[in-house]
Amino acid sequence: MPNFFSSLKNAYQLFRHVDFQKLEQLSKKVDLPKVVESFSNMDQTQLSGLMKMMGSSHKKKELPPIEGDFYHLGEEALKDEDRALQLKVRAFLEKEVKPVVNQYWLKAEFPFELIPKIAELNICGLTYKGYGCPGRSNLMEGMLAMEMARVDTSISTFFGVQSGLAMGSIYLLGSEEQKQEWLPGMQQFKIIGAFGLTEPEVGSAAAGGLTTTAKRVGNKWILNGQKKWIGNATFSDVTIIWARDLEDSQVKGFLVRKGNKGMHVEKMQDKMALRIVQNGLITLTNCEVEEQDRLQHADSFKDTAKVLRMTRAGVAWQAVGCARGAYESALNYTRTRKQFGKPIASFQLIQNHLVEMLSNLTAMQTLCFRLSQLQDQGLLTDEHASLAKVFCSMRTRDVVSRAREVMGGNGILLEYDVARFVADAEAIYSYEGTKEINSLIVGRAITGFSAFV
Amino acid sequence: MPNFFSSLKNAYQLFRHVDFQKLEQLSKKVDLPKVVESFSNMDQTQLSGLMKMMGSSHKKKELPPIEGDFYHLGEEALKDEDRALQLKVRAFLEKEVKPVVNQYWLKAEFPFELIPKIAELNICGLTYKGYGCPGRSNLMEGMLAMEMARVDTSISTFFGVQSGLAMGSIYLLGSEEQKQEWLPGMQQFKIIGAFGLTEPEVGSAAAGGLTTTAKRVGNKWILNGQKKWIGNATFSDVTIIWARDLEDSQVKGFLVRKGNKGMHVEKMQDKMALRIVQNGLITLTNCEVEEQDRLQHADSFKDTAKVLRMTRAGVAWQAVGCARGAYESALNYTRTRKQFGKPIASFQLIQNHLVEMLSNLTAMQTLCFRLSQLQDQGLLTDEHASLAKVFCSMRTRDVVSRAREVMGGNGILLEYDVARFVADAEAIYSYEGTKEINSLIVGRAITGFSAFV
Amino acid sequence: MPNFFSSLKNAYQLFRHVDFQKLEQLSKKVDLPKVVESFSNMDQTQLSGLMKMMGSSHKKKELPPIEGDFYHLGEEALKDEDRALQLKVRAFLEKEVKPVVNQYWLKAEFPFELIPKIAELNICGLTYKGYGCPGRSNLMEGMLAMEMARVDTSISTFFGVQSGLAMGSIYLLGSEEQKQEWLPGMQQFKIIGAFGLTEPEVGSAAAGGLTTTAKRVGNKWILNGQKKWIGNATFSDVTIIWARDLEDSQVKGFLVRKGNKGMHVEKMQDKMALRIVQNGLITLTNCEVEEQDRLQHADSFKDTAKVLRMTRAGVAWQAVGCARGAYESALNYTRTRKQFGKPIASFQLIQNHLVEMLSNLTAMQTLCFRLSQLQDQGLLTDEHASLAKVFCSMRTRDVVSRAREVMGGNGILLEYDVARFVADAEAIYSYEGTKEINSLIVGRAITGFSAFV
Amino acid sequence: MPNFFSSLKNAYQLFRHVDFQKLEQLSKKVDLPKVVESFSNMDQTQLSGLMKMMGSSHKKKELPPIEGDFYHLGEEALKDEDRALQLKVRAFLEKEVKPVVNQYWLKAEFPFELIPKIAELNICGLTYKGYGCPGRSNLMEGMLAMEMARVDTSISTFFGVQSGLAMGSIYLLGSEEQKQEWLPGMQQFKIIGAFGLTEPEVGSAAAGGLTTTAKRVGNKWILNGQKKWIGNATFSDVTIIWARDLEDSQVKGFLVRKGNKGMHVEKMQDKMALRIVQNGLITLTNCEVEEQDRLQHADSFKDTAKVLRMTRAGVAWQAVGCARGAYESALNYTRTRKQFGKPIASFQLIQNHLVEMLSNLTAMQTLCFRLSQLQDQGLLTDEHASLAKVFCSMRTRDVVSRAREVMGGNGILLEYDVARFVADAEAIYSYEGTKEINSLIVGRAITGFSAFV
């Protein structure tokens, strides 16, 4: 009996701070003797670890989630006005684009009602000077490409075609008259542009192999051939067609206006990626264009390449945005989705995925940041941009793939906001030069040997 | 002058076997002096290499393409009648399924008209004995799962739900009366089955955590809860619902017949993978089932697990089929698509992708082959099947990804028969146990430690 | 007060099965109120999980570790006498080779005292018929190559040079007299052979580019040139030198005997892999060989290639062995090494590594198993063997890398039996044809296009 | 006959610019009719490609190789004096360290004669202010860590132990007297320091689990326990020992002087990585230390962690250096090594490896650049540093592995300057926190959940 009382006293000592009611509830759910047995087999370090875990998970739970800018490139590195613009664009995308984008993607249609709102942001032709354009830095433009792709890569692509490829061709290679005619309206999205380079048998970066022809007859040019994958072309007001002059074999650019009877545009069907982007298959049959609608300073493919170099950095940033959007969705999902009674973000295997995603994302961000700095410093070369395209499109594939994976089955439902990124990453991977072509561009630069054929 | 004649004589010597007309044509296209200059700078080995290349590519061009069974597992390892069945099923899929499948996938609809034709193949319930079933080997069944998924993973999944999960539950866990009632009709696809295990908050392999409840009242059971992702459920005649008996907390199985008023099935929308598979979100509200429709030999989750173990090998084989279909499409594409004037299959970077695909594909095939042998020998364990699921779903992801990559932009168009595999591989990756869950099943077996929580 | 007694009664009810002494010990180590608080916040599923974990880890702890033959290829698939031989060879390696091998590796010396013991196993020239050779299957030979490399890849390489390359050249391409003279002694390791193909500027699989020359003068041949990387050459009794006949430009083979004054052999220094293998740099300066020591049936490089095809399967098996050795060491290490008070094998991140290793290992095993079957069926082609070499050397790199990783810092100490495999895997990766060369061999076979240059 | 003359005229037209002698030489080496036949089968694009290839490879061959700073971080981003210091350190390493380092590595010995020369560079304690230290930026320090590791990771580690861990502990946690006593001499390498944290059973980043004890007795402390892996410890003048105070259970630091009889140091043998680094196994047996040699401001493990946070960025930079050294060696090798008569750098498969290496290298550089900026801005957190450690040590493994691969067999010979990097990368991968531990540090920060146990 004294034994029993001493036991009671021990019990009192042991449990005076324990919430007895909770313990009683608990005893219905777990096998207490077994728990004690198990715990007794642990050593001090293990028990400390366990206590620390309970403590730290409690303490940390209140922390706000750290978003996908782990190294504070936006907050710290941008000037105030740039940071403000970045946040304004982000807010617009979250509010106006995100809620509608999955349904448009599914239907493979374009949300035309968004165009005037995008125009209001006044970010089109961001880096150009004059013609109503803001004249901001390439770094800023890159960051905004990331912001757009973070919510939807299709919208970002639509924007890139208009602001970069189409306006850029005119800005870099047009005459003063041509710039005056087109750029102000395009900057405000009153005029929509497209960029017709790729052909059914000639990929987007295949220099010089174009088969579309241009033949000069008097003051006119006659264009013949086909263009494939031309973004925005189904509804564009002006489409820049790149064709080989039959006379001097050089590639020249032509501003083909909507309604030109020699140009037939068919919408490409059945894509599994970037389904919002309206890609046209363009057939040119004796398509007549006035000499004054030829880009006056585009004399050879080298000039076309200038446009591509300028925009390729943007594609790298788009990849970053795509990865960031997927990562952030996955992070939020895993912090709330439970398995075995715990948020899945508390499992090692899930954390491992998240950290791999974040490290790739952060590396891409710092890489593109430097790329845009090089561009702003006038040091950008083709191979710099190609390297970023290769690295970012590869790493993005890895990020979106893990984002989908941590979501299990739900990852294949569009509503969870990762499936779309998984599909779209495949398009980014291949457009504006496949991984292979861009690798060989870098490879030639570093080795001094061309290995294309 | 003598010099000139000796030159002429030399020319004659040099060119007497050359086709002069061809040379003349050629001289218009290439800069001959430069070619001679370049060739002269090569040494003997290089020139031999060049000659060998020209020779071998000529010689090899006639060879028939080697299909995706590089180690002759089908041809060599199957008995004659099995090989014949394999080829019959393949022919059916090529002829009847392949031409329609992309459009159904795009519309997210099921090709009901194919069901009677699939029935005619007489391969449903392939390994079961009696009840109209053929009683063939597990190896044969695995090979056929590969054949089906090679053309379409959705069709293969539809088949697997019917033949494996639904019929398998009844075959393994039903009473003799239940088997007599259901199996013959199901074997002929006159009755369609579904398998209701997964729940909105409980993934497909999460043992024991089921929240759907069953309460016995007299001779009836009252089911309440939700099931998600249930394949075929939108049109099934009978759906096996797994629920936890409120009395003894054990998981039991119930045959719920079409039209039961307590069961509401909603078609899941907006999937980016396996879009042909009709997944149901099932809500059970006081759903009444007769005791005689309870699976009579399903006493706990361990019995459910028997069904899953039997079918998991099939999922591994499906992954193989998905990879094989993508590889074969990619191989054919690269042998005909040209860049820089040559089939892209003649470039090192493309061959590297093809060989990586083929090596993974072949490894998967030999692994699954052995897995099915273990099954036929009665040696199969959960961890064997889980290992195959993990390996094959990971490697398949890699294969389909490369298949898409070598197709460039065309890889995102459904018509090129790879985009669909890319998307579907994501579903395979996560269903019947995610990579993480299956890894932890194997991990527990090899280390002796459970690491699920 | 009644409250206090009811609490005591509750306490008694709660704890009557608990070991009170253990609990008291425990209360000194953990913060009991906090534990109760934490546990109370868990729901039923989480608690079940926790209980299950404790239970299962207890139960499973007693299980014997499953060794690196997860799919029972050895146990099940080998005939009894083959299985016995496999186990005999394994026992020899564990007992005689394993204890000494790290020190020899470190000193870059060869354990000559092991040679008579290896001879006693009577496994040299395993597949050959006659000349004292056992005439067993290629599958058996492959399994033994795995067993040897599982303990040490250098020893396995030494054996492969003797049994495969050197004896194989004579067996396949020698005259009857030559076979009689050499094979019986070599089978018993009384005569050691080497195989001199690779040259300083010509890699191991570079067909036909050999620069070593042979010139016939009367009944003799004069050899000139250099050979690099020639395994066993520093102590071989006979070295087969492959050289190009200056007359007909064909590659021929010569048996150069130890002591020939025209042959100088220098030991290659400073390797970071396969340090036990003694590689010779051979310089041939007007080295005279009798016509009767020319391999009588080696007429061109095609004949040399026959030897390489036969042995390449063995290299794939060696890779499997290397991976298996590393995996098994890692598995054992992680089951005993503790962190945070638990064996590290009980952490998800470590299990993930182990399962990745095991799945790759098992895939390699089933692939090579089939490869050897093809060889035994007479169906083996170069591309079959090359595919296996590519797959296995790549996957092995991944396996050994993870094996080292799970060992943390200890993984770089030789005593833990993984560091050596990490280094040796690099040699396997590149010898008998790099990944690139073997990929292009397969690539040519499947595409019909040669892409070597 | 007229036909013949017209042919001759054609021949003249065709070949008037061709160097006939070269053509004649060529005709002996290649089968001209076949070449013409082959070329005739090509189309215009293919021929253009071929011509372009010949042109571009000619033109590009003269280009200087682009070194491993593809995005000009050193040239453009450093201030002049920093750039000058970077180049001075690089020159020293190239001239004094590179020529001797392979032999020391092989012998596992330390090049003591280099110490005074390193001292002369005046870069030790680079970021500290006062005590003879230069007070430069963390960015500069990171760049120099990269420069050192680019030539040898062991030397870089030796330096990091002295400048970062040992001096850093005193600088951050010592009293003013302690700083005065030690730092000036250490800055000039007159006093060598070591940092004793890791224990046989407790890895480098395992907070708080230390088992080495300290017991205060009067004005002395008695230390007992073991330390493993302690760099420089075999010859250090002062070793900082971290031990748990038996009284308050907090971790404290002690400056143990050379010759202390209670401290026994044994050199660790048989490492396969960082063989130049002399790691000590320290046994403390009633080791007495004066209270005045206790680090006066080290009150708990949190203080130790401050030192680790400061130095972890340096480890990330070391990984970058290791990758850069391997890449540059591989680039140079592939530009000169020939196969099939061409530099191997001109093959697609090799270029692909080089570009993968360079893209990873460049991403690491930009990531670490930003990391050091965060450090200089006072924003660095543990998780920032851990992310960089994880990313860089993983990517470095990939880079060195490819560097070795492109070298084929020669890649395993130390003389080609890549094998050492391959081995050393494994040490970097695991020291100062394994990938797993650092991932869980980041994981806790981003998810709010601790998953260590």
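Labels for the chains are A, B, C and D, by order of writing; each one numbers its residues from 1.
Operating definition for what follows: a contact is a pair of C-beta atoms (placed from the backbone, for glycine too) under 8 Å apart; a residue touches a chain by one contact, two chains touch by 3 or more.
Please read these numbers as outputs of a predicted model, since none were measured by experiment.
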| item | value |
| --- | --- |
| Repeated interface matching A-C, over half of the contact pairs identical, chosen among A-D, B-D or C-D | B-D |
| Contact-richer chain pair (by C-beta pairs counted) among A-B and B-C | B-C |
| Reference subunit C; chain at largest CA-centroid distance | A |
| Whole-Å separation of chain centres (CA-atom averages), subunit A against subunit B | 30 |
| Between subunit B and subunit C, centroid-to-centroid distance (C-alpha), Å | 32 |
| For subunit C, residues that touch 2 or more chains besides their own | 45-46, 49-50, 209, 340-342, 347-349, 352, 439-440, 452-453 |
| Subunit A contact footprint on subunit B (complex, rising order) | 102, 106, 198, 201, 203-204, 206, 209, 228-229, 268, 270-274, 338-342, 347, 349-350, 397, 401, 404-405, 408-409, 411-415, 419-420, 422-423, 426-427, 429-431, 434-436, 439-440, 452-453 |
| List of subunit B residues in touch with subunit D within their complex | 7-8, 10-11, 14-15, 17-20, 22-27, 29-40, 42-47, 49-51, 54-55, 340-342, 347-349, 352 |
| Subunit D to subunit A touching residues, read off their complex | 45-46, 48-50, 52-53, 56-57, 60-63, 65-66, 70-73, 76, 208-209, 331, 334-335, 342-343, 345-348, 351-352, 354-356, 358-360, 362-364, 366-367, 369-371, 374, 377, 379, 383-384, 387, 390-391, 394-395, 439-440, 442-453 |
